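Below, each structure is written out as structure tokens.
Note that subunit A is present in both complexes that follow, paired respectively with subunit B and with subunit C.
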Partner chain A sequence: MVAEVEERVVPHEPGAHENVSARWRLATFFLALPSLVVFVGLGFIPLALVVTWSFWSFDPDTYWIKPAWSLASYAALLENGRATVFLRTAGLAALTATASTLLAVPAATVVCLLSRPRRAALLLALFTIPFFTSGLVRAFAWRLVLGRQGVVNNALMSLGVVQTPVEWLLFSDFAVVLGMVAAYLPFAIIPIVLVFGRIEYSVIRASQDLGAGFWTMFSTIVLPLVMPGIVASFLFVFIVAVGTSMEIQLLGGAGASSISIMINDVLRVVNFPLAFAIATVVVTLLIVLVIVANRALRLSRLFESLGV
Partner chain B sequence: MAHNSGNRPSLGVFSQLTRRRLVQNGVLGAGALAAGSLGIPRAARAADEIIFWATGTLDIGDAGWKIIANDSGVKVQFTDNGNDPGPVVARLAAGNANDIFDIGGLQGGSEKELARRGLIAPWDLSQIPNYASLWQWAKDIPYLTYEGKAYGIPTVINADSIIALRDKAGNVDSYGAIFDPRLKGKTAMEDAWINSVIFTAIYLKSSENAKIAEPGNLTADELGLVMEFLIKHKRDGQFRTFWNGWEQGLQLVANQEVWVMTGWEPIVYAARMRGVDCYYAVPKEGYEGWGNNAILLKGAVNRGRWKAAHQLVNALLSGFYGCKLGMLRGYVVPTDNNVAYATANSSAFDPASVRELAEHVKQKFAGKVYWQNTRPDNFQLYETWWQRLRNA
Partner chain C sequence: MSFDLIVAGRSSGGRLLFTTITALCLTIMYAPVLYLLLASLNPDAQLGLVPPSRYSLTWYFALLEDRRLAGALEESALVGLATAALATPIGLSAALAYRAMTRMRGIFLLVVLSAMFVPGTIEGLGLSATLRLVGLTPSWVTITIGHLLWTLPFAAVVSLIGLSTVKQITIAAARDLGAGPMRAFIDITLPLMRANLISSFVLAFLLSLNEHARAYYLVGRQNTLPLYMFGAMNSGASPTIYAFSGAVIVICVAVVALVFAGLAEQPGEAREGRRARPG
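Right, the complex of A and B next:
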């Protein structure tokens, strides 16, 4: 894109190109500088401290940490079922991300392929409605819907489907996943909608001209083209779901745990090194996941049209 | 606002502001806001101004603090500390709390530890004349003193037990109901070892003859015994959920999600207002007593606020604060000064209600009470066991 702009605004003079190009790079650098400062200052440095401190030891005398290097906090991750919390959180997040993505693909298809612009805008606005209220209220509302005296159980009982309230609707993994899917579905829809915007519609028309039906066109042309968006959707939801605690605390069973609940528990007893170790492992795993997804599924294709 | 006409605010003040002044004010305002939110010590405060950093429910609002200021000569800035003792202690020990706040107010248990580390200073009881009016058993809370000096002054006190639905659970008079297999899936406890472990320990000690010396401060072996018991019942599906916070607790009772749960008495009153027939049980094993205690932060002493801090705590025990807090939240400041104040100011407070509340709490403490301890000696082991319970 930089080259295109240069083409338009910079006159071609022999020998001048290298100077101009260097100037553009400098301008690009200064444009990016504020973001870079914010990223390094507010993101990278604290993260580096967290990683470093995770190898320090808790000091009962100062109630803080001391630079006595140790792997004890990492060893503690394998004790008392803490590893199970990692697996359980990842499992619930994966389930939520899968369900959200599966729902997002048809929703985005309806918005982008089967709706006129005004209806598409309206549908997109509707999908963002969950964000209009706080996550806490949203999750709490599910208790009123799924509880023993909730809307669903009342309906089931009045229709004679069940005689007594269905207990597993609330305070269960089912309730947690339902609450998370409802909350994070927009995170899944938006990336796919954005990728749909990059499809050349002449390709779709060509396939129709050649006699392809909707499903053939969708599975052989649309789906491969929106695949990076689908992967991005999955990752967005997965990452947000890994970090959440609200739905699990409000809708999960007795003492249900997640990584962030575990961090809270640990901080409550000022075991800072363990909290930092948990955070380090989570961040590392998520970075690895994004790198692997990018390598395997070429997420970078999402940015190709931007000339990046 | 000198040019106000009717209810409309005058633009006169704004018209006199230059753009430069507006920018200056904006920058100063933003700076002050940033300083406040980042915990940077604010500009010099008057020596008679105290920042009271306490559990949010101890706040009596600007109007209330103004009356305290008039009575005691001490201005109060109230700041909510979030109530969770863990972060509060951590911020005192490893953060900047002592640079900012003067008096802390938190659930009892950590006084000894904070005193030992020199993070809080002892109160001089001779400077708090109203201390003498405190009910004796409130003065006797075990962890208020360290090496013979008073570090905690109980400003609010109560005792917790079990909430039960009358028509579903019948007559509940023991914590055993929480673990009763007939109520499987219909019971709940708080998602906090601070409360749930001591309730279980009280039950095991009193009704199952378990060898437990002090339910609020379990040894490693005692803790193991209690937690294995909880884990077994969790695995058996005894608990519908563990709850967190007022709204969740109330919803569980009001929507009859659970029939019996350990919890806070105000939930009973709120659920009754929603038409639920529930009651607060009087367990034969005794109550879990808790106190929210005022602690004098070392930083306040260093900043020359020692005297003002004592004046303020004396004012908290003088009667008005107790009446106001009782009216706002049903909390009791453990002194008869509340009733005396209400009697002398019956136009502001109903003396009968104030007396009734005080008698109700006294009644609870007439029986067996085990004190909640937010910082037992093995507190990190408590978290470890709680994690095992979560994963059971």
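Right, the complex of A and C next:
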């Protein structure tokens, strides 16, 4: 960035320009190097190894793996109801993402269109803060609210709505989805807020000058403009919800599983190749999803409204 | 972004609905934790709320006696500080690189952000197997490595936002006055980004402190806080776990609120304005 200025200062001296831009590229490379080492060395290489090792076989002598190529792990993916766990995880994640997005669109609209700057900043802070607090505690707190003697059941019983505690509130898919929606709302709201930042507000003003009411303005102007944010918001929540395990472990019913829990279980019996195969399938699907969405929506542009 | 026009009277039905939904969002995000906090002040062993006159910190004091908790706290603090100390400068360097780039920008940003979206379990699994291959025994070092990967995207984004508030013209002025690129960076860019760098450090620390899925795979003999808490939550909850959860939430919320207030108080333009004035 320093060099960028330099380039602007001396743009018309060809010799100097060449020299500067070579130095600039070198400086950029060295600035990018540490983060590339982290993301490639600690991110991509382990993932590539996981993919490779998923085609190896279990070695009973070392309780590890040996380089005997095999597709056995992928065949095992379809056994013992593992395919069902995949589908259930994806289903719960899709439900969570749908609910989060439906809540996030109005919430982001309130933040960006219907609030004065001070309140908008406060709301945005309130929506972001929980992300940096313990997800474990936030999931655990639902137990006190939804349990047999929790707030909800006590209220329902004292109001006479029900005679006995409602059982499906806790340790159920309902609790899991509610816990995940509450936990991942920041992921749903932020992308939409970022897209709002790129809207030309005079367009909205024009629609109002032309007599559009709230709903006409919202459905014909705002919704189409923030659509990339809405899709990103669904996608972000879906991806995070597919990967999580603690909401299901703390709030799910007996025997409830998810992909992450399945990986943990498979590792407990040291079936490394199978764990790697599950991970490979999940990561492949997520990468395809992100690439398709990025092609369609230029997701990386979302961050442009941050002014970066 | 103030948009008074849309606050027009005839739109009240839609506005009311949207405001209600926003309130609902905030309720499901905050109410359970708030309830947990109040329940943790109940001195009885039985769960539930008590009138404010009976509030007590009994269970909080009981925490002080817990040796295993102290060990986990120490481990988490060590990992969190090491993670933040690495993520902040590397994130800043990534942000500077991004700003200097022309063609590879999009790809670089995608690489930086991609780590946010790989499930923690899978990242932990891959890293633990890889680090085992390299011969690294699980310890606070391996957890720090995993947490660096998890927090770096966030640190880079916070630094990027900070950099965007530094006006090119301010740096150009320093350069015109004879400062070398390094001088300009140290004297102009860094001080202007101070609030963001502090945020980057604190947020990376908090993300590490609360991380569970990766630590599960990378942990050595000493548990971190979330691992300890997860065990306590699933083994017949004693009231101390409510107190402990309450303490964690209060501290995290207070710290993030302070960071956000610090960021909001000094928007880039104002800072630059103040600095530009002589004396």
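Just so we're on the same page, the second predicted complex is superposed on the first by the 256 of 308 C-alpha atoms of A that agree within 3 Å, B and C clash if a C-alpha of one lies under 4 Å from a C-alpha of the other, contacts with A are read in each partner's own complex, and residues count from 1 in each chain.
Note that a residue touches a chain if its C-beta (ideal position, glycine included) is under 8 Å from a C-beta of that chain, and two chains touch if they have at least 3 such contacts.
Quantities reported herein were computed from a predicted structural model and do not represent experimental measurements.
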{"item": "Partner chain in contact with A:L285 - subunit B first, subunit C second, else both or neither", "value": "neither"}
{"item": "Subunit B versus subunit C as contact partner of A:F140, first or second or both or neither", "value": "both"}
{"item": "Subunit B versus subunit C as contact partner of A:N80, first or second or both or neither", "value": "first"}
{"item": "Which superposed partner A:L267 touches (first subunit B, second subunit C, both, neither)", "value": "both"}
{"item": "Which superposed partner A:Y63 touches (first subunit B, second subunit C, both, neither)", "value": "first"}
{"item": "Touching partner for A:P106 - first (subunit B), second (subunit C), both, neither", "value": "second"}
{"item": "Which of subunit B and subunit C A:Q149 touches, first, second, both or neither", "value": "both"}
{"item": "Comparing the two partners subunit B and subunit C, which touches a greater set of residues in subunit A", "value": "C"}
{"item": "Touched partner set for A:V181, first subunit B, second subunit C, both or neither", "value": "second"}
{"item": "Which of subunit B and subunit C A:L250 touches, first, second, both or neither", "value": "both"}
{"item": "Touching both subunit B and subunit C, residues of subunit A", "value": "140, 143-144, 149, 249-250, 267, 272"}
{"item": "Subunit A contact footprint on subunit C (complex, rising order)", "value": "1-8, 10-11, 13-15, 17-19, 21-22, 24-26, 28-33, 35-36, 39, 47-48, 89-91, 93-101, 106, 108-115, 117-123, 125-127, 129-130, 133, 145-146, 148-149, 152, 156-157, 160-161, 163-165, 168, 171-172, 175-176, 181-182, 184-185, 189, 203, 206-207, 209-210, 212-213, 216, 226, 229-230, 233-234, 237, 241-242, 245, 248-249, 252-253, 256-257, 260, 264"}
{"item": "Subunit C partner contacts - residues on subunit A that touch it in the complex", "value": "1-6, 8-9, 24, 27-29, 31-36, 38-39, 42-43, 45-47, 49-50, 53, 103-104, 106-107, 109-114, 116-117, 120-121, 123, 125-130, 132-138, 140-145, 149, 151, 178, 181-182, 185, 189, 201, 204-205, 208, 213-215, 217-218, 236, 239-240, 242-246, 249-250, 259-260, 263-264, 267, 272, 275-276, 279, 282-283, 286, 290, 294, 300, 303, 306-308"}
{"item": "Subunit A residues touching subunit B - in the complex, by the definition given at the top", "value": "61-64, 79-82, 84-85, 140, 143-144, 147-150, 167, 170-171, 249-250, 252-257, 261-262, 265-272"}
{"item": "Residue ranges of subunit B in contact with subunit A within the complex", "value": "84-87, 89-90, 93-94, 117, 185, 188, 191, 234, 239-242, 244, 247-248, 251, 255-257, 379-380, 382-392"}
